[in-house]
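Chain IDs A, B, C and D follow the sequence of writing; residue 1 opens each chain.
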Amino acid sequence: MSGAFLQQLVDSLAALMLLVSFALLAQHRMLSVLNWFAAQGVLLAVTAVVVAYGTDNHELYISAVMTFLLKGLLLPWLLWRVIKELHVHREVEPLMNMPLTMLIALAVTLFSFHIIQPIEKISELLTRDSMAIATACVLLGMLMMITRRKAITQVIGFLAVENALFFAAIGSTNGMPLVVEIGIAFDVLIAALIFGLFFFQIRETFDSLEVDIMQSHLIQEDENE
Amino acid sequence: MNAFLIQFLQAVLLIVLAPLAAGFVATCKARLQNRRGGGVMQPWRNLRKLIAKEVVMAEHASWIFRFAPYVVFTATVMAASCVPAVLVNTPLSLTADVIALVALLALARFFLALAGMDIGTAFGGMGASREMTFSALAEPAMLMSVFVLSLSAHSTNLTTMINHALNAPLVLQPSLAFALAAMVMIAIAENGRIPIDNPTTHLELTMIHEAMILEYSGRHLALMEWAAMIKLLLFATLLIDLFLPWGMATDAGILALTLALALWVAKLFGLLLMLALAETGLAKMRLFEAPEYLSGAFVIAFLGLLTHYMLEVGA
Amino acid sequence: MTAMALAITACGTPLLASAIAPALGGDARRSILCLLLAISGLSAMIGGIQGLLTEPTSLILPLGLPWLPMHFRVDGLSAFFLLVIGTLLLPVAIYSQGYLKGEKRLGALAVFLPLFVLGMLGVVIADDAFTFMLFWEMMSVSSYFLVTFEHERLENRKAGFIYLLMAHLAGLLILGGFAVLYAASGSFEFSVMRAAHLFPFWATAAFLLVAFGFGTKAGVVPMHGWLPDAHPVAPSNVSALMSGIMLKVAVFGFLRVVWDLIGPGDFQWWWGALVLTAGSASAVSGVLFALQQHDLKRLLAYHSIENIGIILIGLGLGMLLAHFGHPLLAALGLIAGLYHTINHALFKGLLFMGAGAVLHVTGTRDMETMGGLIHRMPATALFFLVACVSISALPPFNGFVSEWLTFQTALMAPQLGGALLTAIVPFSAAMLALAGALAAACFVKVFGVVFLGHARSEHVAGAHEVDGWMKLGMAIPALLCLLLGLLPVMFIPLMDAIPASLLHVSLGAHLYEHGWLWLTPVDATHASYSAPVALAGMLGVGGLVYWWLHPKGCRIRRGALWSCGNPHIHARMQYNATAFSQPLRRIFAGVLRPEEHIHVERPAHKLLTRRVRYTVHVGDPAVRHLYQPLARLTLGLAKRVRHEHQRGIHAYLAWTFATILFLLVAFA
Amino acid sequence: MNLFLIVLFTPLLGGLLLAGIRHPRWAARANIAIGMVTFTFSLGLAMQVLNARGFNTLDGWFHLDAYNAFLVALTAFVGMTTAIFSAPYMRHEFDAGRVNARQMRLYHSMFQLFQFGMLLGFTTNNIGVLWVSLELATLATVLLVSLYRTPASIAAAWKYFILCGMGIALALFGTVLVFFTSSSVLGHGNEALTWTLLHEHAGALDPFVMTIAFCFLMVGYGTKVGLAPMHAWLPDAHGEGPTPVSAVLSGLLLNLALYALVRLKMLVDGATGTGLAGHMMMAFGILSLFVAAFSLHRQRDIKRMFSFSSIEHMGLMTFAFGLGTQLAGVAALLHMTVHSLVKSGIFFTVGHAAQAMRTQKMSEIRGLIRHHPGIGWGLMIGTVAIAGFPPFGVFTSEFLLFTAALESNPWTTIPLLLGLLIAMAGLLRFVQPMVYGETAEQAVSVQVNMLPVYIHLALALVLGLSIPGFLAGWYEQAATLIAAVSAGGGV
């Protein structure tokens, strides 16, 4: 396949990535959030494969597999179980209403494009254009963490950020060195496990996954001197 | 040696003449009020009587009370003997310049006030409080007016200042006028004369000096009274020295001395007469008008200082 | 032994004391503590005198920063302050032996009192910025622990808090000053800083920083608000050291940095004016507020402010004159300031020791409950009286000499610069006179109310004289007050090394051209003063009069007081402290702003008054108008910040988000 | 070399071992033993590095130079003393029934794993691995913070987790960006993340990318350093976790984050050749100083208050590193050392105080000196030391910092001065009533072990009075190392 084609392929994957991030941000139902998250994972794996093929960088195949297993299957499954166990199918009502969130998301995307454009000139990689998108995805993930009330959606936001990072890694730099990849993946895994652990603790201590209810335990009213 | 002798005589003269001066003022006032008065010698008679009397002291009055009269008297005498009355260049004038002079008087006042506090009556405390209050305002004013002169004389040493005044060409110095006015006001206040205090009153609420020595009797009282008289004479002499020293003897010649003595006495008469007139004419002011009076004196003196800088040195 | 060796000994003994005293128990601890402190004081004293007489000596210890070992140097200035410290430390140590008797928990005191002393000594002999700051802050913080020694009382804790806060502020300002000098000279060592030339801007910056720093520590108006709270609450022997010496160490710091390191060459005209104004303000307001106190030690603390002001007047005149090129007169002003420094150390130390003695036996600091103590404690009364006379600047004691010298400096100052300056100099002299006179009034009140008259309460009536140690401790400074007052001509030449090194002039020859009897600052025709002659004259006259007035068998009869016919008069009728100061309170109401309350009890009928109670409170404007607003501001901001920390997790995430966006916008 | 392996892997193995020990008392002893082993060998390692002036080991995966070697030693030391302290402390918690045996096991093994993460982070030569290890340490501490399973502790842990997770993600993105530009210079292998190589070729990196990268790194690692406004997690994490954890958080973890930040700053400076990164750090430093200083005035919880003081001091260090001059570097490193010592010492004391008074509410802690002089004076002296009074080391470092600041950026000294003053006032206003006065009635007598506190304070004292020559040499080596690049930054 020609470099140009791969170029377009990666770019379109990047576009898809952006789309998915928006979709994540736009979801109401918990399960669909989860689905889109899984989709994002798969998308990452595909991107990894494509890039690996394009640059025949074999380490990337490994990380592609890793990604698929971890982010495409394991994590969504874990979260799915949590949701099942804790019966939190209910609508997640965001802090800000959807249209506003979307507007902000758009603004953020534009902003990151504006920032990152100059960078990409300096790279000769076939995948350089995706850096801007990756940045946008990172910021969108953060936006998701900010706007959602449920602990689980916050975590998904966090994981979305991780995905975006990973995408930045493979998409724009042909992947970090394997050791680092593994390390990162390992950390994410542990993080996810700990998150899972937390959900149950939170549930049994606060019998709710509302972050604010939980955080209210930290607010200390002032004594007035 | 000669100078020392003259110094000694001069001091004795001041001490001895002091009661007479007081008597003179009293008599003048009496005459002005169409009374006969006790005569010039009356203060002397009082002193002699008091000295002869036995001393009655308040119980539990401490040694301060007995000690104070001597401090007051000696300090005043020391101050007096530092002031040249007749001969300009007296050896003792080296001992204490004007500031030290003021300080000696302050020492006397300090113990006077302590004595007032010692007996533990309301009057003593009241007198002490008022005395210290007014003196606290009077002292700076006094120093200010002295400074005016010492600035033009570049010295605080009385001898030097007098010499400066004597040798200076007779130009009209506005600063001197200010200084004189302030000094006179202070002198009146310091000696507890009308309009600040009335030496003859015994009305509890108004008296200052009397309130402090209320419990004194016998020789102690005599010393206190005498010190007061010396103080009066001292201030009069000081005024003469600083503002109209002309005629004072610069060398220890007999002729010059006698002339100077005569002139000094004449000037004294003048001053005391004016004092008597003022006291007859004026009424004692309310207690809390006194601060205005004194701060007025201070302001005048300070103005004198500024005019000295602005007009005389500056120009 | 050289001066340096003695100085090091003086520093070492307290260190030893703080090391071993806590280990011991009971009387042994107290005795060791006092003994070592006394040794330290003695060696500081001797070392100081030696240092004044000999050439500067230096020493380098391999401590501190690796590339900056600790430099020590004993030159004229530090030697003089060594002398000051030693002269008060020795009697205080002796005094403490009696004062601390029966003090249960000596632990903290045994550790921090020596460290405090060490700090002061160290500051004085330090020869590089780091060492200076090290000992300086050590002095501050250990004295904080002494202020809060009796920490059960809330007022003590409050005082301690403000104290340490202001000390820290002072420390930081001084540090800033040194930092400026370091930036200019590139070294922390004083020798290099001294040599370095400063641009006017940096010189001014350094001057302002250190002036405010040391001013805060010295309790100069308007930064003085901490002082009247802190000094009284410490144990009296400590208060004596704090008021007597610690403030002087601040003066030393000022001299060291401004006069020595920056140097008279770089003075600007307004520096002197500033110091002079601050001095005059402190002198007058200090004594004015002192007059309104009825807590004995608090009153004395305010007088420390006044005396620091007097010292500053001398130094400020010196700075002005030095700037306008009259080194000789500048030297005179400097000497006047320094002489007042040692004088104040002596009589203020003595006063605090006396107050301590009274507090020790009566258990109260409130003057309104005292009276008649002169009968119970005659010796204490005598020493206290000496101190009162000295601090009131009355001849023949020492306070007068230094004030007299200051007056002379002011009067001999020729016309300087513009009209403003011209007016400032005599005005400061007038303020000095006012302060002196008011001080006299105040100490008539103190001595009169505390020691004279009748006792105003039972526990005062039952007082007794203190023990020999305390008496001895008070006797020494009392004697020195008299000596320094009588023979200034003997002492001032000692100090001649200081102007010689700072201004390169010497008063030497002029001082005693008329022989040792007469003190003649410049020459006899200008001014001269001879305490010995005056005293001799007074004694002579007094003796004569006594001999004349006391014929044989004359006796004194004791009689009842004259009471306007009122059969029984009792102690409550006396003028008390509040009453005594009433006229001045009324005259200076504009400054003092007294809050007076008159409370009348009329139970039955409005004409039948049972009791009238008059209470007055005079707050400190520095606290009211400077400290409290700042505190309020800080707390307000703190509240706002605190409020920001009471949000949910989303808010914090949003912060991070905003921050990164901001950074990207800002830098990309 | 093998010394290094021992130092690195003792905690890891120890952590696994401790996971197996069921008996709390034995676990505690083992914990101490492991800490001691680590510390002794780390000393040896430090000496080695000092003589060798820095070397790579394990074919360039790890790099040891003056800068991190002493941090390794410091970490090992504080780790050891904390272990010593935590033995009686955790036993008390165990007896009081706040933690069960399982949690004790978790605690001990996580403690050592955290140590491992720390040491790994300090010694690795790969900025990717650096990130990984920091994340590792974070995860370990998250579990430790939530040890008590109380609502507040879980909430705190969650907050910690989410905020730091977000921050650390940004840091990773920054790292990716660095890789993005470095890979065009050093190829796509590990070399492109190897710090030493990056350091050599810093000039070749693209300044613009590095700037953007540093924005992310600043915010990312800044979150872990506890710089305002990303600091919100820190007080709660300190307040709700067990005290030994608060001690190591303040004493060590923040250091690691700051270390990482500085390492990367060196690269950025090399690339951009401007003081930009430095100025960024200075700004954050000052901001944190002020936020912390004001926050100190309104606190209820003693541990939260001291954690704010940690923020303040982290701000100071960040500022100092931002200054970038050699003197500032020495100041910052010295400050790092003494702050770790003193602050962990304070947390030890605070832990005992809270146990003795049976509360963390400052309004209810009274009269410590009366109740237990050791604790009372420990807290008082510790506060005095941390407030920057001599003869303790904090004073020395602040002294140097001050002069350094005035040399390069005179005007910054004014906010510094203000901030320090306000902070000190805040500390003192709360500590004084806790230490002084009559004892609160609910006080109970506890078995305390003040030895670590005294050791820490004594060391801080020594550092204040005279810094040993080798240590000073160390600081200078490190400072020159740090300043060398930023010297190009026109500071």
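The rule is simple: a contact is a pair of C-beta atoms (placed from the backbone, for glycine too) under 8 Å apart; a residue touches a chain by one contact, two chains touch by 3 or more.
Note that the structure is a prediction, hence the values are computed from the model and not measured.
Visitor: Top contact pair of chains, counted by C-beta pairs?
Guide: Result of the pairwise contact count: B-C comes out on top.
Visitor: Provide the C-alpha centroid distance between subunit B and subunit D, rounded to the nearest whole angstrom.
Guide: 78
Visitor: Report, in whole Å, the distance between the mean C-alpha point of subunit A and the mean C-alpha point of subunit B.
Guide: 99
Visitor: What is the distance in Å between the mean C-alpha positions of subunit A and subunit D?
Guide: The answer is 30 Å.
Visitor: Roughly how far is subunit B from subunit C, centre to centre by C-alpha average, rounded to an integer in Å?
Guide: A distance of 35 Å separates the two centres.
Visitor: Spell out, as numbers or ranges, the residues of subunit A touching 2 or more other chains.
Guide: As it turns out, subunit A has residues touching two or more other chains at 115, 142, 145, 154, 211, 215, 220, 222.
Visitor: Quick check: what residues of subunit D touch more than one other chain, meaning two or more?
Guide: 158-159, 162, 166, 170, 208, 212, 298, in rising order.
Visitor: Let me know each pair of chains that touch one another.
Guide: Touch list across chains, by label: A-C, A-D, B-C, C-D.
Visitor: In the complex of these two chains, what residues of subunit B are touching subunit C?
Guide: 51, 54-60, 62-64, 66, 70-71, 73-75, 77-78, 81, 92, 94-97, 99-100, 103-104, 106-107, 109-110, 113-114, 116-122, 124-126, 128-130, 132-133, 135-140, 143-144, 147, 150-151, 154-157, 159-160, 204, 214-215, 219, 222-223, 287-288, 291, 298, 302, 305-306, 309-310, 313-314
Visitor: Where on subunit A does subunit D make contact in their complex?
Guide: Subunit A reaches subunit D through residues 57, 115-116, 118-119, 122-124, 131, 135, 138, 141-142, 145, 151, 154, 158, 161-162, 165, 168-169, 172-177, 179-180, 183-184, 186-187, 190-191, 194-195, 198, 201-202, 205-206, 211, 214-215, 217-218, 220, 222-223.
Visitor: Any idea which subunit D residues touch subunit A in the complex?
Guide: Residues in contact with subunit A: 126, 128-129, 131-132, 135-136, 139, 142-143, 146, 149-152, 154-159, 161-162, 165-166, 169-170, 172-173, 176-177, 179-181, 183-184, 188-190, 192-193, 206, 208-209, 212, 236, 240, 298, 300-301, 363.
Visitor: Would you pull the subunit C residues touching subunit A in the complex into a rising list?
Guide: 635, 639, 642, 646, 648-650, 653-654, 656-657, 661, 664, 668
Visitor: Which of the residues in subunit D come into contact with subunit C in the complex?
Guide: Residues 158-159, 162-163, 166-167, 170, 208, 211-212, 215-216, 218-219, 223, 229-230, 232-233, 235, 276, 280, 291, 294-298, 369, 384, 387, 389-391, 395-396, 399-400, 402-403, 405-407, 410, 413, 417, 420-422, 424-426, 428-429, 432-433, 436-438, 464-469, 472-473 of subunit D touch subunit C in their complex.
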